[in-house]
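See the structures that follow.
You will see two complexes here that share chain A, one where it goes with chain B and one where it goes with chain C.
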Partner chain A sequence: MSLRRFWSGNIAVAEGALAAGVDFYAGYPITPSSEIMEHMARELPKRGGIFLQAEDEIAAIFLLIGASWADAKPMTATSGPGFSLMQEGLGIAVMTETPLVVVDVMRAGPGTGQASKAAQGDLLQARFGRHGDQIIPVFAPSSVQDCFELTVFAVNTAERLRTPVILLSDELLAHTWETVRVPEGVERVERRRPKDHEPPFGSPDPRVPPPMPRLGEGHALLVTGSTHDAWGLRQTSDPHAHRELVERLWEKIWLNREELFRYEAVGVEEAEVGIVAYGSVARSALAARKLLAGKVSVGVVVLKTLWPLPEEPIRELAARVKAILVPELSLGQLVWDVERVVAGRSPVLRFSKIGGGIPIYPEELAERVLEVAG
Partner chain B sequence: MAELRLRISGIGGQGIVFAGRLLAQAMAEEGKEVALRYAYGAEVMGTPVHSELVIADEPILSPYFREAQVAVILHTRAFSEAVGLVEKGGLLVLDSASAGGPFPENLRVEVRPFVEKTSGNRPGDPGRLAPVAALGFLAKLGFFPLEPLRRAASSGRGAQENLQALELGFRL
Partner chain C sequence: MSVHPLHVFLRSEALPTAFCPGCGNGLVAGAILRALVQAGMELRKTVFVAGIGCAAWIPSPHFLADSLHVAHGRAVPTALGIKLRRPELQVIVVGGDGDIAGIGGNHLLHAARRNADLLVIMVNNLVYAMTGGQVGPTTPHGLPTSTTPYGNPEHPMDVVQVVAAAGANYAARWTTAHLPQLEKALVKALSMEGFRFVEVVSPCPARVGGRLSMAPVEALKWLRAQSKPVGQAGPDEIPVGEYIVRDRPGFLRALRGESRG
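Take a look at the complex of A and B:
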């Protein structure tokens, strides 16, 4: 059984968070993410959760870290300028293995850019915005249905792997309304608790995150962003301690990457020209494929996990087509991935559009595919 | 029409987003597949705003389109960026005060006094019922039925004046 709801992308994100059990939200309003905050401000207190408007985004991300250690499932939403301010806190959350979800609704940058206009310029920031070696899982919805489902997945992934998770939406999707099929219940993952003196920052199997104690339950707990051993004691000079910790944090995500991969591959088997896209742009790619039916066979790979990157569907597409188009609302970020993965097996062509929040239209994408197909 | 692509353009403060949501809600409750997207400027009020809808019988692949089959323009400030985005043979519906021209060829053009008839050009009112009146007009032309719009408009703040604006548009 499912219920039909007519929601915007932003409302679907907020509803997904509530369904997944998010019970703490702190944030600072910023276009085009503000409807998420407004919805959480209305709904969270009614369900026994806590909503806080922070004085800025730096405070918001650190409130999330504190709340998570007090056993909350925390989330915040922001946009480019606020996302930049949250990077320091995200790095601390990686190092302290703190489950939390940050939603970045992308708008045109850099700087304050065009506040209400769509862009996809934050992909590389989502992956590499912090210093040091680390992987934060990044998911990207391309429909309002995805906004609901991937938010649930993001919250559950944060809990399962004891990690921060980023959901990368964009202004177009945030302000698109579609019918959503909402299941009556969704899976809720709960973080593991320590048993029998298990260390809070060590694990014999790097695929399995250590258990997370709850503050206030009597644990002598040290939580630090500095290099630490399995019990949280700072080890700021020992090369072995650093290697052991940072490699384990990396492997915790990398060795579980197959579980994180979400994508759609449409019409790849018979494709002459390929398109790899994510977010709102992926919808135009699917529509362009339909516009070209009977003229050119187009294969579309819609990426919903952006980090780690599902490489296999891109390789399969490259093996079949005469060229791959990578449409993006940026001057080219995903295209680097596709070039790296394809590694010369087929030409990779960027299709960039920025400014004014104007979508990449299905019609112009279809026109470009026709040119490529010759 | 198996799929209708409609763009309503005006300025912030006219209720362009509201009208889009009203029509989307009405059609969704009719069991249609609906996608609505709206865009506004950082200033929110006074700068160009668009609501774009796809109303279809089948699941909608993309909510985003370049050329509308039907474009409604309700303010001169929205005219230049919206007037070129109508497909050949499409319909351009204009408020009388926005009808600057020149219009692209191969379009059907309908001009009606939506703003004047709904707001009487009162100072400080950019025509905040004009978009709802335009929906009534499109219903008269047969793009969608009036009754579900009436139902959707009959609750919430301003229900009475929204219903009046719908009826007024239907008669224009």
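Take a look at the complex of A and C:
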């Protein structure tokens, strides 16, 4: 049994969070993400959760860190300028292995850019916006259904791997209304608690995150954003301690990457021309494929996990097609990945469009595919 | 060899302390622990939150209690996140003047405005000590520091006054030359709800004393001589005592709607 709901992308994110058990939200208003916050402001108090509008986005992310250590499943949502302010806290969340979810509803940057206009310029910031080596999983919905499901997945991933997770949405998707099938119950992952004398920051198997203790139970817990040993004691001059910690944090995500991969490969078997896309742009890619039916056979890889990157579907596409188009609402960020993964097996062509929040229309994409197909 | 009575509250791995000889942080640490004992607080139900700086090291790693050591300036929002979710825990922030009033100043202001149920202890050593003694928001006018070698052209902020004006339930200042008064203030603050703020003016022999050729004991004498009760202190003196004591509902109760009507 499932229910049918008519939601915008932003509402579906908020509903997905609630379904996954998010019980703490702190944020700061910013277009085009504010509907998520407003929805949580209405819903959380009714369900015994906590909602707080913070003084800024820096406070918001640190409120999440504190709340997460106090057993909450926390989430926040923001957009470009606020996402920039949250990078500091994301780095601390990586180092302290604090589960939390940050939704970035992309708008046109840099700076304050165009506040209410769609863009995809934050992909590389989501991956690399912080100092130091690290991997934070990044997911990207391309339908309102995805907004619901991937938010659930993001919350569960944060708990399972004891990590911050980023959900990268965009303005077009945030304000698109679609029917969503809502299952009656969704899976809820709960973080693991320590059994007798398990260290909170060490693990013999890097794939298995250490258990997360509760505050106030006499653990005399040391939590620090600085380099630390398995018990949380700062080790700021021991090169071995640093390497051990940072490598383990990296491997915790990297060695579990297969579990994180979400994508759709449509018509790849018989494709003549390929498209790799994510977010709202992926919808145009799928529509362009339909427009070209009977003329050119188009294979589309819709990426829903953007970091770590599912490389195999891109490689498979490259093995079959004349060329791969990478349409993006940016001057080209995902295209670098595709070039790296394809490594010369087929030409990779940028298709960039920025400004004014104008989508990449299926027609213009179809036209470009026809040119490429020759 | 006899053991110091507060030893049981200290983490053995953190000893001997990394604090410089003559640093005021040891006195502040002692005052906090004694106040907790006097107020009947259980250390296991107390969570310390600290940012970055020498003062932030008082609880982390020294205290044998739960502690979070986060980014520079971000202890207050982290602490509020904990308190909102676990109201039964006593959540205490310890940090320096730079951490609490400089980079974290906006958080401080809004935590006071909300009357957030936190105790914030700010160790004011007049400079950014950990990074080498640079000028900060509480550095006296004219004082030479490593980034104001010709004397501080700016004027310091009275952080206690600001916090009191912003809406805190309790705001007081003492110095490390007033330990009994400091302990009493902390005990009182621990028994209250809402936002409670205690500033401790404290000597930094390495970054301030050294520059002024002032030995630690001279610095303590100077602090005592310089301090006057709130309302009676001249422009170059240190006002000590309580700025505000009130009983407004704390943020937790306000969130539950208990402060309306």
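Observations on the structure shown:
Note that the second predicted complex is superposed on the first by the 374 of 374 C-alpha atoms of A that agree within 3 Å, B and C clash if a C-alpha of one lies under 4 Å from a C-alpha of the other, contacts with A are read in each partner's own complex, and residues count from 1 in each chain.
As a convention for this text, contacts are C-beta pairs under 8 Å (C-beta built on N, C-alpha and C of every residue); 3 or more make two chains touch, one makes a residue touch a chain.
All figures in this text were calculated on a predicted structure; none of them were measured in a lab.
By the document's definition of touching, of the two partners only chain B reaches A:Trp177; chain C does not. In the superposition on chain A, A:Leu63 makes contact with chain C only, not with chain B. Contact with chain B, but none with chain C, is seen for A:Ser284 once the two complexes are overlaid on the shared chain.
Of the two partner chains placed by the overlay, only chain C lies in contact with A:Ser226; chain B stays clear of it. Applying the stated contact rule after C-alpha superposition, one finds that A:Ile92 touches chain C and leaves chain B untouched.
Once chain A of one complex is fitted onto chain A of the other, the partner contacts of A:Gln114 are limited to chain B, with no touch recorded for chain C.
Within the superposed three-chain model, A:Glu363 lies in touch with chain B and out of touch with chain C [touch as defined at top]. Those residues of chain A whose C-beta lies close enough to touch chain C in the complex are 24, 26, 50, 52, 54-56, 58-60, 62-72, 74, 88-89, 91-92, 96, 215-226, 233-234.
On the side of chain B, the complex with chain A involves touching residues 21, 24-25, 28, 33-42, 44, 60-67. Listing the residues of chain A that touch chain B in their complex gives 4, 6, 31, 114-117, 172, 175-179, 280, 283-284, 286-287, 290, 357, 359-364.
Per the touch definition, chain C reaches chain A in the complex via residues 11, 13-14, 44-45, 47, 49, 60-61, 64-71, 74, 76-86, 88-89, 106-107, 109-110, 255.
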